[in-house]
Amino acid sequence: MQMAMGKEKRQRAIKKNLVAWCFLLPFLYFFVNFLLYPILKGIHLSLYDSTLGGSQSFARLSNYIAMFQDKNFWNSMFNTLFFVVISTPTIVLVGFIFAMFINSKLKGTIFIRACLFSPYVLSMSVVTGLWIFIFQPYTGLVTQMTAKLGVGEMYWLNTKWLVWLAILITTVWWTVGFNMVLFLAGLQDIPDEIYEAARIDGANSRQILFRITIPMLKDTITLVILLQTIASFKLFGQTYLMAGGGPGTHTKTIVHYIYETGFTNRKMGYAAALSFAFFVVVFLVTLLQNKLLGSKEE
Amino acid sequence: MRKKGLWKKLTALGLAASMVLAMGACGKKETPAETPAETPATSEGETASEGSEAPASEGKTKITFWSPFSGGDGDIMTAMVDEFNAQSETTEVEFMIFKSEEYYTKLLAAITSDSAPTLAISHATRIKEYVTDGLLEPLDELATTTNVDWTEFTETLQQVSQVDGTHYCMPLDTHLLLMHFNVDDFEKLGLLEADGTVQVPRGEEEFFKFFEGIRDQLDAGRMPLSGTSMNGLPMYLWYTLLTQYGGDVCDADGTTATLDTEENKKALSVIMRMVDEEIWPKNQKNGAELFTGNIAVATINGDWAVPTFEGTDGLNFVSMPFPQFTDKDSVYADSHTMVLPVNKNKTDAERASAMEFMTWMTNHTEMWAQAGHIPSKTAVIESDAFKNLPYRSLYAESAKYAKTYPQICGVAGLTEMSYRELAAMIAGEQDVDTTAANMQKEFQEILDSYNK
Amino acid sequence: MQRIKPGRVVLYVVAYATALLWLFPVLWMIVSSFKPYGTPVSILEKVVTGVFTLENYGTIAEKAPIFRWTFNSLFVAVIVTFGTILFTSMAAYAISKLDFKWKKGIFLLITAGMMVPIESIIIPLYQNMADRQLLNTYVGLMCPSLAAPIGVLIMKRFYDSLPKDLFEAAVLDGANAFQRWVHVCLPMSKSSMAAVGIFTFTNSWNNFLWPFLSITSEKMMTLPVGIPQFQGANLSEFTLPMTASVVASVPAILVFLIFQKQIIKGIAMTGIKG
């Protein structure tokens, strides 16, 4: 009797698993073939001394050992972390504020929304091209404005730290639209009745914001922070195209370094080792973040 | 409720599309297992016309040709290929343009998977590295069958087209650094010669005197000289000066970097003198635009800028050889060449067609000269067709003393390193001595990594 | 009639000022595209004054199969978008609402997949695709985009927030797992699906590195691969690239306008109420 029940239970469990896997399979098919497999191959490659198009020989852990002694690696890792720290809160916050603009039922919301989102559809080369025009010295827009205020040439894209501000502004302008959309999707999930109930209870708008909107958006906020952190870690095009990673190596990010190692210098094995280290760092940071954000709720 | 219907439809559509897709993916996946590896990796739907093995109906061998040319270069090259296709009875060339920054990545990736094109453009300075790794086919055997006379090329190009005595590429041009002047402004300044040219006197002090004079006469907000302060341009200028002052990047056998030297420090300090004296205001992002926008009266740029300047309404300019700072004539140059990347699917018929095409191209470079570049063959340089083009013959003579990077592996790394170090120096982040020391150290590391 | 509060006025001013500031570079791009070839587009007064012309649009249409490229981009992006919405929604539903072995592990793996930059995996991916003979095909263009995990995360977040009783009620009604997904999850998650859709479409539309490496014939090119032909290296002629960018951006903006309706469903409703 008991055995039969156990069997039935097992069969049900198998069926449950089977159903779940049917739902997962279409996505996993692509994920495994076109993402996971190349990743694993990359990790494998990191154990080789391998030139793109050239020779390849097993090198044990020598790529990793070299990496720890490589000051370019540490420098680009630092630059990347610096950008993650300055950009993630900024972009998340601005995205949230924009979503609030749109959610506050102004007249002409459609226009505002389209304006705030439109940069997001532009490609990297267009975005950086436009912002070079804005920040470049002598003829740039910012220079023309600051000159009227009596400020001399600032060399935005060639001065330490100032260049980060320029990159940050560009990145916010370009990508904040997507965070705004995510927040909007989250805001739409909050039922109107809750707001109405709060208003009837005499809550002012600040109380509504901090007591209702933000707590209700907690999952969305966690998600947006996670996505934005990962996106900020992957910074490359803006610094590469607007500042060439400079002045010096001041804005050279880790992805830039991976790209340069693998494609300019053709050292695929070393680039793969750098990639794996990058992955580990991102993974640890997001894990830590999840722990912190997760514990806050209790 | 209507919306629900819409979403259902969309879902159904998506489902259908993805099923088709998945089926396609599965179907495709099986093909490599069934067919032997020799099947040429042609693009989708073109498998019917592998001209080589079974001559196609029109009897032409199809070959593919990749290039990094954009803008005017791309237009002119397209026109040349069209012209060739119209004339040739045996060969049809499919010409492709790819974004220049990532071009070599694409080429290398294709070579590693035997999907490289029949023919590709490569800069002459890259040849050595690719030959060392066995990525290019030697041309000598093919060239003998089609009677290529290598001595028809200019002397510099004869040297750069071979590695250890074997030819690996056919050069199309010499392209080099020039100086361009706004004719209207120089006329006002009284510095325009009777023949409509501008002559910067030879010598370092003379150069500075000339441009300081211009700087002092210009209105506020105008500049004597422009040139983008990052990426390629500082490097072209730097290598020009370095070689004019008698230096080079490494010794003759390409094992030891020679950048922490007096010659290099001299070249670097001349650049900084130009910056400090505000002859060349620092941190320019779009040097050419400062020139076309009538802000700078002269600009440093390559011969490739000539077509854009010609196309700019209301700009009267003249392009001249880059000024000489010493008695030793030299100017940074490189060469666009055509190479045969290794691809085990390539047939002899394709090779023969490629040779036919390369020979035709190198004999018709007077067309290519419209892009501003100097033809690779002496006979073409001396032809009327070339001489009749404006400006070109004014600077064509500098091809005689054009200096390319020495034949070494790691030119890509050297380029990246010098972009970065020079930009940092011009931005005022580091002084001349530090820059020279950094360049030495980093370039030595690059050389060592190839010579171990 | 209600008086307008001063706070509301400030909000209007700030919102509109920001919107215009945000729009400015885009407008600039559009205006520049109507300037004659060679106009220095960074010098603002030269952009807004003088001659305007459609010449650049003519040049682009004549020089390149821009409509074919637009079709390719659109075709790839549309299929990738619907495929992604469908597959990620299914996967997220399984992870959020169904029980199975290694659930946590699989989700962690999918999340981790996001943390690898495309630059790191592009060469193994290329060789993989070459072995499958998928280079230079539409299928080859689409596959890597369909593997993107971000949609799973967004959809899972949403399904996690759906109240349990909804599903329990459906179970009591005798709905199986598939029916619960179709009748409960899909209708409720329109705004999240729209967000995933916008993200996927834009990414596919602007995707450069993979299509660039994979495509080897002009007729298969997508816009980001083809358009750099109009940009000269080391030069600064920008009216043509600007024009090409305008052509490339318009369809993406239209798609946003279509999808955003799904996201902002609430506003229209409250508009009637208010």
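Each chain gets a letter, A, B and C, in the order it is written, and its residues are counted from 1.
We adopt the following convention: contacts are C-beta pairs under 8 Å (C-beta built on N, C-alpha and C of every residue); 3 or more make two chains touch, one makes a residue touch a chain.
Keep in mind that what you see is a predicted model, and the values were worked out from it rather than measured.
If you compare A-C with B-C, the chain pair joined by more contacting C-beta pairs is A-C.
The chain with its Cα centroid farthest from the Cα centroid of chain A is B.
With each centre defined as the average position of its C-alpha atoms, the distance from chain B to chain C rounds to 34 Å. For this pair, chain A with chain C, the centres built from the Cα atoms lie 15 Å apart. For chain C, the set of residues touching two or more other chains reads 40-43, 86-87, 122-123, 127, 143, 146, 228, 231, 238. Residues of chain A in contact with at least two other chains: 26, 52, 136, 139-140, 263.
Residues of chain B in contact with at least two other chains: 18, 102, 105, 109, 112, 231, 286, 289, 293, 295. On the chain B side of its complex with chain A, the touching residues are 18, 22, 102, 104-105, 108-109, 111-112, 130, 132-135, 223, 229-231, 281-286, 289-290, 293, 295, 410, 412-413, 416, 419-421, 423-424, 426-427, 429-430, 446, 449.
Interface residues of chain A, counted against chain B in their complex, comprise 26, 29, 51-55, 132, 136-140, 153, 155, 157-160, 243-250, 260, 263-267. Chain A meets chain C in the complex at residues 16-17, 19-21, 23-24, 26-28, 30-31, 33-39, 41-42, 45, 52, 98, 101-109, 111-126, 129-131, 133-134, 136, 139-141, 144, 173, 178, 181-182, 184-185, 187-189, 192, 205, 219-220, 222-223, 226-227, 230, 233-234, 236, 255, 258-259, 262-263, 268, 271-272, 275, 278-279, 282-283, 286.
Residue ranges of chain B in contact with chain C, taken from their complex: 3-4, 7, 10-11, 13-15, 17-18, 21, 24-25, 28-29, 31-32, 41, 43-44, 46, 64, 66, 68, 70-75, 94, 96-102, 105-106, 109-110, 112-115, 117, 228, 231-233, 286-289, 292-293, 295, 301-302, 304-305, 308, 311-313, 315.
Residues 36-38, 40-43, 46, 63, 78-79, 82-83, 85-87, 122-123, 126-127, 130-137, 139, 142-143, 146, 186-187, 190, 209, 212-213, 216-218, 220, 225, 228-238, 240 of chain C are the ones touching chain B in the complex.
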